[in-house]
Amino acid sequence: MEMTSGKRARFNRLFNPVDGRAVCVAADHGWMSDPTPNVVELERILKQVVEGGADGILISFGTALRLGHILRGKNSPAMLIRADWMNMPRLGGSNVSNVLPAVNFKKIATSFATDALLVGASAITIYYFIGYGDEFERINLEQAALFARQCRQVGLPLIIEPMAVGGMVTGVNIAEILIASGRIAAEIGADALKIPYTGDVKTFKTLVEQAGIPVLVLGGAKSDVPRDALELVDEALQAGAAGTVFGRNVTKAKDPRKMVADICALVHGGKTISNILNEKRDGFFRLKTIPENCIGCRLCQIACERSHEKGYGQNKSRLQIKFPEIGDELCNFKPVVCTLCGKCVKACQPNALTISATGHLTLDREKCTNCSDCAIACPFDVILIDDEGFPIICDLCQGDPQCVKWCKQNAVVTVPLKKLPGRL
Amino acid sequence: MEMTSGKRARFNRLFNPVDGRAVCVAADHGWMSDPTPNVVELERILKQVVEGGADGILISFGTALRLGHILRGKNSPAMLIRADWMNMPRLGGSNVSNVLPAVNFKKIATSFATDALLVGASAITIYYFIGYGDEFERINLEQAALFARQCRQVGLPLIIEPMAVGGMVTGVNIAEILIASGRIAAEIGADALKIPYTGDVKTFKTLVEQAGIPVLVLGGAKSDVPRDALELVDEALQAGAAGTVFGRNVTKAKDPRKMVADICALVHGGKTISNILNEKRDGFFRLKTIPENCIGCRLCQIACERSHEKGYGQNKSRLQIKFPEIGDELCNFKPVVCTLCGKCVKACQPNALTISATGHLTLDREKCTNCSDCAIACPFDVILIDDEGFPIICDLCQGDPQCVKWCKQNAVVTVPLKKLPGRL
Amino acid sequence: MNFDVGKAVRMSDIIDAADGRGLIIDTTLSSVVGALPGLEDFATAIVKINQSCDGLIINPGQAEHHASLLGGKHRAAPIIRLDWTNAYRDETFCLPATEVKRLMISNAEDAFSLGASAVVASFLMGYGDDFEATNIQDLSFLARECYPLSLPLWIDIRTVGEKVSEINFEESIKLGASFMQELGADGLIIPQCLLATCRYVCEWMQIPVLVRLKQTPTAEQLSEIMHSGAAGAVLPESLFALSDYPQQVNELYFEIHQGRRA
Amino acid sequence: MNFDVGKAVRMSDIIDAADGRGLIIDTTLSSVVGALPGLEDFATAIVKINQSCDGLIINPGQAEHHASLLGGKHRAAPIIRLDWTNAYRDETFCLPATEVKRLMISNAEDAFSLGASAVVASFLMGYGDDFEATNIQDLSFLARECYPLSLPLWIDIRTVGEKVSEINFEESIKLGASFMQELGADGLIIPQCLLATCRYVCEWMQIPVLVRLKQTPTAEQLSEIMHSGAAGAVLPESLFALSDYPQQVNELYFEIHQGRRA
């Protein structure tokens, strides 16, 4: 997607350069609805959101002035500024309290694009309400068009947030309205969308395709169960979403850091919801590495050795980290793991190495002749030989691989395995 | 003097409301000449200058950004911003070193008036070089006129600094040139002058009168003896100057705080140079109070009691502080001192109270009958009676009054006394 | 180096840099109902309290005509009010308001050129949705205008509309504070309220909060409010009707600055 | 609250907020003498060092055409050069300069709209008085222009004129640093000099000081410079002529950030 150079340089801050995706958190609720604890305790929450690894944080101007220092450092979340205001949460239809209820829906622009640049923003976000009547939509489009023009001039990305609300929106037409609104926003000049989930993968896929710009799915009201929020993310990603802008599901979570980290694991880490929630894995699985994510911290090796050997060394770990060599231009680290390829099992003459019925590599020390044929057969050199001559093998920690659990970078993940290899 | 309202409100910060005078310090040398220790150690020096009680500090934009926080608080010195640049100190004619000597005299504008307002300035200062040739003066006047126009628009006072330099300036015509330049600057739009001393009171008086705007005298190169600098101030004040803008005489002083405090004592405190330098007073003198300066700190009373009684109480001090009463609209404190009026001496029947040949009130305890007539006669009620019935009298500390020495506000000073009152 | 020195210097004209406190007096009701008792002669009244008040909320006209009384050493710093409303024209006024109106009467640039140490405008809560939206929009644009000028913006939260009553008064203050904090105000003025509400708001906000008093308080009343975390108080215009207001202000200044005299 | 958040956020793109250090590479000599060895294909060269360099000094044209390589996570932050000079066209160039020229080729607003994290311009010392005065004036107005945009301004002090020789080289750097600190620069780049001079300047300045290196240093050489108080180093364009420059940059990044990998 082409865009003016300034927008591109600022967009780079928001989207992860490896996968082009972004995990954002909306923390602008104090600007439009009653101050709930997530508003009052915003400083603490935002610090946790940063720790969780968010790529962007949507805040008001006041929060930018007050807490923007938390966002220093080019690897910290990009600052997204809310450039308008509305009173929808106070109209009575939502689940938030209303100290001072509103009757007539109002939405106003509250800044110019340049204002956001001064405080260090990487993008601005504005609403586009559709379905509340023709005149109200006209006002929304008029403001959107003005912001789009300003944003092009100053090189600041514009994120439009289409919202289908009002008497003309029903369960029947809401998906179609959202699909249309995404494209309309793109046509007016949005560089990305923040948009509600349509409810199913198929319609959201259509929305993403027809918009033609990165689509960030929003979370809406806080889900009762974290799994519901993660499933929404998972489906949106399947539909081609570029990431998320979750608000209350993060800021009202018991542990905002973990919630963000979990969403990151889904969006960037290639993990499954089951991985993340440490749920019992159904069926067989194997390890998979994502070298781009590896930072060479060796936490996986420490976790491996600790779980098997009770120590903190790295010389008996079941996985290795290859460090960059001179000539390696990208300077990447490469984690190397047992992929359950089965070559060791095949090479073992005395049948000491087998894959158990539960899908884990198993060594029968009685049968083992200490011949080292398994280590020689391993294409990845991850089978070491211990002092007594026995092979050190990965048993997937009997179904709960500690390397996966402890890798904060999602450089080691699990993937389902339809069929086990070799002899059982 | 009339001026636009914004200028007036900002000028109020610079000039003391009681006497309309100002003691400023120029600390912009690092912007135009080689970095000497007073430039490198500017932070320490500026803090001392603030402690000394300066009314204004002339600094560059960079110093404003770096050290401007020192000037917080409406009673702290006003920020004066240097809005131009020149290379005169590097032309070789002055006593400063020249790492990178200049040959051609250059002077440029380096900001607009609004720029200074953004960083919190109360005024800007620019040069007006006269005597270096017609074209050079034209450039100076062009810049001055532009700044004057801008300053009127944004309500920022403009201080012009006429400097008579160049081949056309001689000892014969320099005073006349300075007098003319002051008026020219005022005509162009200066709200105050920063100008060198003409060399004598008479010509400087003419300069002040003809300028018609407040005139702040500058100090020039550092004097070898502090007394020389103070004498320049004293003469300028006699000529009607509104105060000073001293640079190197302060920033290069051994104790910048004391140097500023000394200048303040001259400009605001009504003290004489002899008072300030603690020189032996010639002839007779008496105490005088300046109630506007009194802040009720009672340091004078503590100093008095300590010097006579060796304690820190205030119930035996020879001077009193009257605190404001309900109905006292201006809420002023009033120090009350012995003025050597002689009424007590006249009232003393046994001649126990006398004024000595050196001019100090003296009690002969042998002759005293403890009648208290002296205390009754005192029109200011500053004679107290001690536990034994003897009067507690001010003996001017035998010529070095501690109240004067310790009053930082210059609310108690000494004035010469031509003739001693009453019986000797 | 990343310090906004202009804003810091101006802010310290009003909120003392040493103790973080300030005593403010509002004189601007005169633009709504004409001269107030005791304020008929503006200059004479101001001179009497000028040394013992940190900031004076004034209208642009008074800022222009009485500039010599304002700003700098031993004088109150000018906080220029940029908006106007007829909301305070009640039955006691010769021409009570029939419909509430509010408008901006000047802008940040004008206030700046008048030598303002800060500007103030009101967030009038409890009226209709249109009124509220326009009010928020005006204040937002004012905040954006003040920011690049490093000119501090105070927002005066007034819970005066028909939608605010005893039932939601305290919570409305919290809502208004939240909105205005997020809007980007540099300081807030909140109505006098329960000490618990005051404490809650002051602990939450990371900007100075002043409490607008209904009556001139005693030193004890003021002390209680200051202990709830406020950065200071705004004394009402009715102050000037008191015969001994210079002494009262002087006492309150002494109380706010914990024993320091003007 | 009196924090300049925009400047702080942008400054931290270049000077790491955690350790106060940064590694910068200058590519802008190509606007003076054409493509430099190794920089013929700009994008290919930049990709190789992009992750292990904090800031990249680039000309406006490259900032426009290669925006996708610049800014944000795991990429060098764009520091846009706003001036041009022929001072570096020496005898080795096909068209040596006969008279030194310097001009501004863009302004802060343009750099801002190109997404700059900072801008840089040079103070060329040692030429004539006219040249110097114009240079100072241009830089002063640029500083005034950057300030309300909260856009950091770096000044690149170059002691290249005929009036600077061994006798006054070290002192000239101090003079230049003093002038530019007072001018209002947000950061300084000084020429490689005696460690004593570097230490003196770094201790004196309250803004970050980077040292412009003549040659790509070893990790040990860089370590020595960093110990003299510098906030980082500017690697020369000649870097790109080295066959293993990506590894060298990576090692230097590791050194500057005290053991932290890109």
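Here the chain labels run A, B, C and D in written order, and each chain numbers its own residues starting at 1.
Quick note on the criterion: contacts are C-beta pairs under 8 Å (C-beta built on N, C-alpha and C of every residue); 3 or more make two chains touch, one makes a residue touch a chain.
Every value quoted in this text rests on a predicted model; they were computed, and no experiment measured them.
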item	value
Graph separation of chain C and chain D (steps between touching chains)	1
Chain pair with the higher count of C-beta pairs in contact (A-D, A-C)	A-D
Centre-to-centre distance between chain C and chain A (centres being mean Cα positions), rounded to whole Å	45
Chain centre separation in whole Å, for chain C relative to chain B (CA means)	36
Rounded Å distance between chain A and chain B, as computed from the means of their C-alpha atoms	66
Overlap residues in chain B, where contacts from two or more other chains coincide	64-66, 118-119
For chain D, residues contacting two or more additional chains	1, 3, 5, 7-8, 11, 148, 206-207
Pairwise touch network: line, ring, star, complete, or other	other
Touching chain combinations (by label order)	A-C, A-D, B-C, B-D, C-D
Of all residues in chain B, those that touch chain D in their complex	28, 30-31, 34-35, 39-40, 43, 60-66, 85, 87, 99-112, 115, 118-119
Chain D to chain B touching residues, read off their complex	125-126, 128-130, 132-134, 136-137, 140-141, 143-144, 147-148, 163-164, 168, 171-172, 174-175, 177-185, 204, 206-207
Of chain B, residues touching chain C in the complex	4-17, 55, 64-66, 68-69, 71-76, 78-79, 117-120, 122, 153-155, 295-296, 324, 326-331
Residues of chain C touching chain B in the complex	1, 3, 5-13, 16-18, 48, 51-52, 54, 63-65, 67-68, 70-75, 77-78, 112-117, 148-150, 244, 246-247, 250, 261-262
Chain D contact footprint on chain C (complex, rising order)	1-5, 7-8, 11, 148, 186, 206-207
